[in-house]
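Structures given as structure tokens follow.
Below, subunit A partners subunit B and then partners subunit C, in two separate complexes.
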Partner chain A sequence: MTEFAIDACQLGKAFPGGTVAVSGLDMQVAAGTVYGLIGRNGAGKTTAIRMLLGLLRPSAGTARILGANMWQAGRQHRARVAYVSQEQHVHAWMTPRELCYYLSHFYERWDQPYAMRLARRFDLAWDRQTGLMSGGEQRKVSILLALAARPEVLILDEPAAGLDPIARRELIDELVDILSRDGGCTVLLSTHIISDLERIAEQVGIMDRGRIMTDARLDELQKTFQRVQVVFDGRLPPDGFSVPGAIRSSTEGPVVTAVACLLSETQLDEVRSIPGARVNVFPLGLEDMFIELLKPRGEAEAVEART
Partner chain B sequence: MLHLQIDPHSGVPVYRQLMDQITYYAASGALKSGDQLPSIRECARALSVNPTTIVKAYNELQHNGVIEMVQGKGAFVAQPPAAMSRREQGKALRPLARRLAVEAVQMGAPAEVVLGVVQEEMEKVGEGAAADNARVR
Partner chain C sequence: MSGGLGLMGSPAEAVAARRTSVVSGLLWREWIAHQRMLQLALSVWLVGGWVLMIFNHPGWIIAYGVLYGWAAGQAFGGAEASEGTEEFAFALPPTRRQRYLARLAAGVASVLALTVAPLLTIVLNLPQKVWGLLVESGFTDPFPHCESRLLYVLAVVLPLAFFALTFPLAANSPSRRALGWAGLGGWLGLGTTGAASLVIKPWTPLHGYVWCQALAVLGTGALAAGYAFYLRKEGLSRPDRTPGEGRRAFWLFVVILLLVCLLFIVWSMRVSTRVAVPANRHAPTADTALPQDQEANDAARVP
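Our next item is the complex of A and B:
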């Protein structure tokens, strides 16, 4: 079995002054797969990514991309990885044409015809200084440069922030094309646009307060987390009743609604067998799942979190 | 291309939605034995989803005998399976039947209602062929 393309083990970062941004982070991404990283603002996603890329020194743990520690890796190794960061770092005085010419020297697999196709697809002025472009256009330039490098590992930190829905879909479609090609690409996508992950992520990591709280295949998450509604016929729920596997639960009259972690189909059978109890199970979109797992608990909530 | 209605945000895995629709089209005759399915790449592009979800759907459909993938040529709707014995059919349908039975008992529906509904649906699937044919072709 070959190594993981991205491999972080117990990664941690404590900043001077005491802030612990990342702690005990494990992340293993198999080559050619798409890993979606989601988490609230401040969860530590960007810090974790920067450590993976060798842009920030970890306080603990190890991080490797394609088998090497990026902090120490040479230029040739680093050229196999491309990164779209949250902040634009594109030289404002350069045009896309000039940026492509400049970067092509760093990346052995640089694909200039592809760069030009992307510029047309993203509707970018080839000879316009990027500093004169809108925020969204600058973002598209960053994406274009990362994709044209034909990397083996592509790390995208909020690439779609500030992009209109059409541009967002174009990015997804470009990623789908890349994933369809022979040789594929390993993609780490950190995003708040959870609907994008539902299209392309195979693995999803939910990060909370510096660590990965849940890491699973997307289709496993979709099968496991469901909305469960139990309606008691004309009476209130019995004292102490709770839906097995519930993470969140609320009761209104005879109806108990819960978001539950269902590990097997028969888990709810005991509830179904309660006389007068009607059980309905509904699928849960990833965004709703994320919100239910991570939103702050109100005083009214009676159920403990299951991690 | 087949009309495939996929909602990536519903919480139902995309590969599952794809499987269910293709299975339905094959059962209702909208897709006939030997019909070619879109390539994995075409499907992924058309639906804007990761090609691995299409791969997973096609693999499971092949495993279930609904389609056949021919090296170098593509994916095709399979020849109908050799007639299963009634016993084999019963065995294959039992898990679905159990779920139906649980629902029915919950709401206190008698067996006649359940059997009636199942019969109507089976008829509709057969009738659906004509309507789907018009849409798909």
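Our next item is the complex of A and C:
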């Protein structure tokens, strides 16, 4: 049986008051891969991550990192995992130097020279209280602390929020760097900046309403979801025509445009065989895919109605 | 790091060293976080006890210690909730158990240090002895000595009880504002205990040390219950919330505070009337004077 670095099975979380943030979430991340988690605001990404880390107790299902339930895991096991959250506040009265000294007590693999190198690279004042730093600088301190711990599993929840483009690029470069090292670490990256994900993620999970609705390798995902355009020469599409595997489609005169889930090359042969129909297939970027998959139904129906 | 571990010999030794390191890391954080409060408390004692020399009675230490115990309970217990750093702290390797126990140890040690040390200076009359080395003045005349051992014990037990009631409430507070309620809870717990003293008649004939034991049991129970709850606490920095919001919550807070103060005052008066403390053993009243004291006083009056 494969041991996943991150393994969630039927994970669920209901908050008092009846809000169900996560429901029946399954997620498996193999060791050494970068898993990108995307979803709309309120999809349950942060809650799922917090349950994985043992910050929240699941209402249902199991969550394991490196084979252990983090809620119950001991200090040594927890030291193998590092986390940067989207709303994380480090101790405002400590300087980066003090924070590094403090955290070095807990992590066996703490790398102080690397921490100092990162501080220089991120242009952080080593002896300035973090409370006096800007939001972006505080975020950099959090990232520095997580990276210097040399974790086996790194969980980043919106790490680039509040970072300027240069710092964001540096963060991605650092991630690429740590991934390329021997025994590279497993990264779970939740972000809305999909271009970042496209650069480094190998596997992507799209989350909606508390569960993973699509989970595949990025290249497979890009091969599967494509934009299909069917142009009928000089006439309207036949009644009841639809593109095979279409998730959404719209018709404007003789042109039918659809986002389709194409499981095989031959799936469109039937359309190609219609006399006078030309089929064009365009690759779909991850961002377009995300928008098409998660666009509210009402909006799609409005598009249909307009046509 | 592996080289360092290799020097330590067996893996068991390495694990033990790492555990010590975790504890020292947590304690170091407590020191850095609360050093200003500790320095302030220390300064108050040094000024009050050593410069102004007004802390010459255990009653002063009770007042000073209770205030410190109450503040320390909230500060040590709820530091992360008040800073909004719980998510960061809970994601770090130390377990909930280690966090709770390290903070508890640091807090209890500070309360003990700041109550026992002032009491020892009173018992040994250290300030006057030290000042006596420097100046020849009325300052060197010994202060009246308080004979009530109960007050000395209470000067340690009451601050610890306040700490023990406030700490678990603060540690389990989900937000910054809830900390205020935790602080109030400490007073409420002690006030209720005091009120119980007025109701439970069988305790009346017993001497005051029953209160020390009752407070010890109450404090230990509160700390144990707080520990059990803390192990289940979710490490999430929540938005500020109180049991009630707005003006209604404010007035509820004020009413409870007044009630607690009233209970505490009544209880304090009751305790003070139960404990017959001679104000000055060198000047006993006619009713409380021992024969030898009477003779000494008579001798002193002879010109």
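Note that in this section the second predicted complex is superposed on the first by the 296 of 307 C-alpha atoms of A that agree within 3 Å, B and C clash if a C-alpha of one lies under 4 Å from a C-alpha of the other, contacts with A are read in each partner's own complex, and residues count from 1 in each chain.
The rule is simple: contacts are C-beta pairs under 8 Å (C-beta built on N, C-alpha and C of every residue); 3 or more make two chains touch, one makes a residue touch a chain.
Everything quoted here is computed from the prediction, not taken from an experiment.
Engineer: Will subunit C clash with subunit B on subunit A after the two structures are superposed, or do they fit?
Structural biologist: Fit: subunit B and subunit C sit side by side once superposed on subunit A.
Engineer: Taking CA centres, what is the subunit B/subunit A/subunit C angle in steps of 10 degrees?
Structural biologist: Value: 150 degrees, nearest 10.
Engineer: Does the superposition put A:D219 against subunit B (first), subunit C (second), both, or neither?
Structural biologist: So A:D219 only meets subunit B here.
Engineer: Now for A:V231: first (subunit B), second (subunit C), both, or neither, which partner does it touch?
Structural biologist: neither
Engineer: Quick one: classify A:V281 as touching subunit B (first), subunit C (second), both or neither.
Structural biologist: neither
Engineer: Given the touch rule stated above, what does A:A30 touch, subunit B (first), subunit C (second), both, or neither?
Structural biologist: Neither partner.
Engineer: For A:A60, decide between first (touching subunit B), second (touching subunit C), both and neither.
Structural biologist: Neither partner.
Engineer: One more residue to check, A:D173. First (subunit B), second (subunit C), both or neither?
Structural biologist: In the superposition, A:D173 touches subunit B alone.
Engineer: Upon superposition of the two complexes, what minimum C-alpha distance (Å) separates subunit B from subunit C?
Structural biologist: 26
Engineer: So which positions on subunit A get touched by both subunit B and subunit C?
Structural biologist: No residue sits in both footprints.
Engineer: What does subunit A use to touch subunit C in their complex?
Structural biologist: Where subunit A meets subunit C, its residues are 50, 53-57, 73-76, 78-79, 82-83, 85, 87-94, 98, 101-110, 142.
Engineer: Flag every residue of subunit C that touches subunit A in the complex, lowest number first.
Structural biologist: So the residues of subunit C touching subunit A come out as 1, 5, 15, 18-19, 21-22, 24-26, 28-29, 32-33, 83-85, 87-88, 90-95, 98, 232, 234-237.
Engineer: Can you check the complex and tell me which residues of subunit B touch subunit A?
Structural biologist: 8-16, 40-41, 44-45, 48-52, 56, 102, 106-107
Engineer: Tell me, which parts of subunit A touch subunit B in their complex?
Structural biologist: Where subunit A meets subunit B, its residues are 33-34, 169, 172-173, 176-177, 179-180, 195, 198-202, 218-219, 222-223, 226, 269, 272, 277-279, 282-289.
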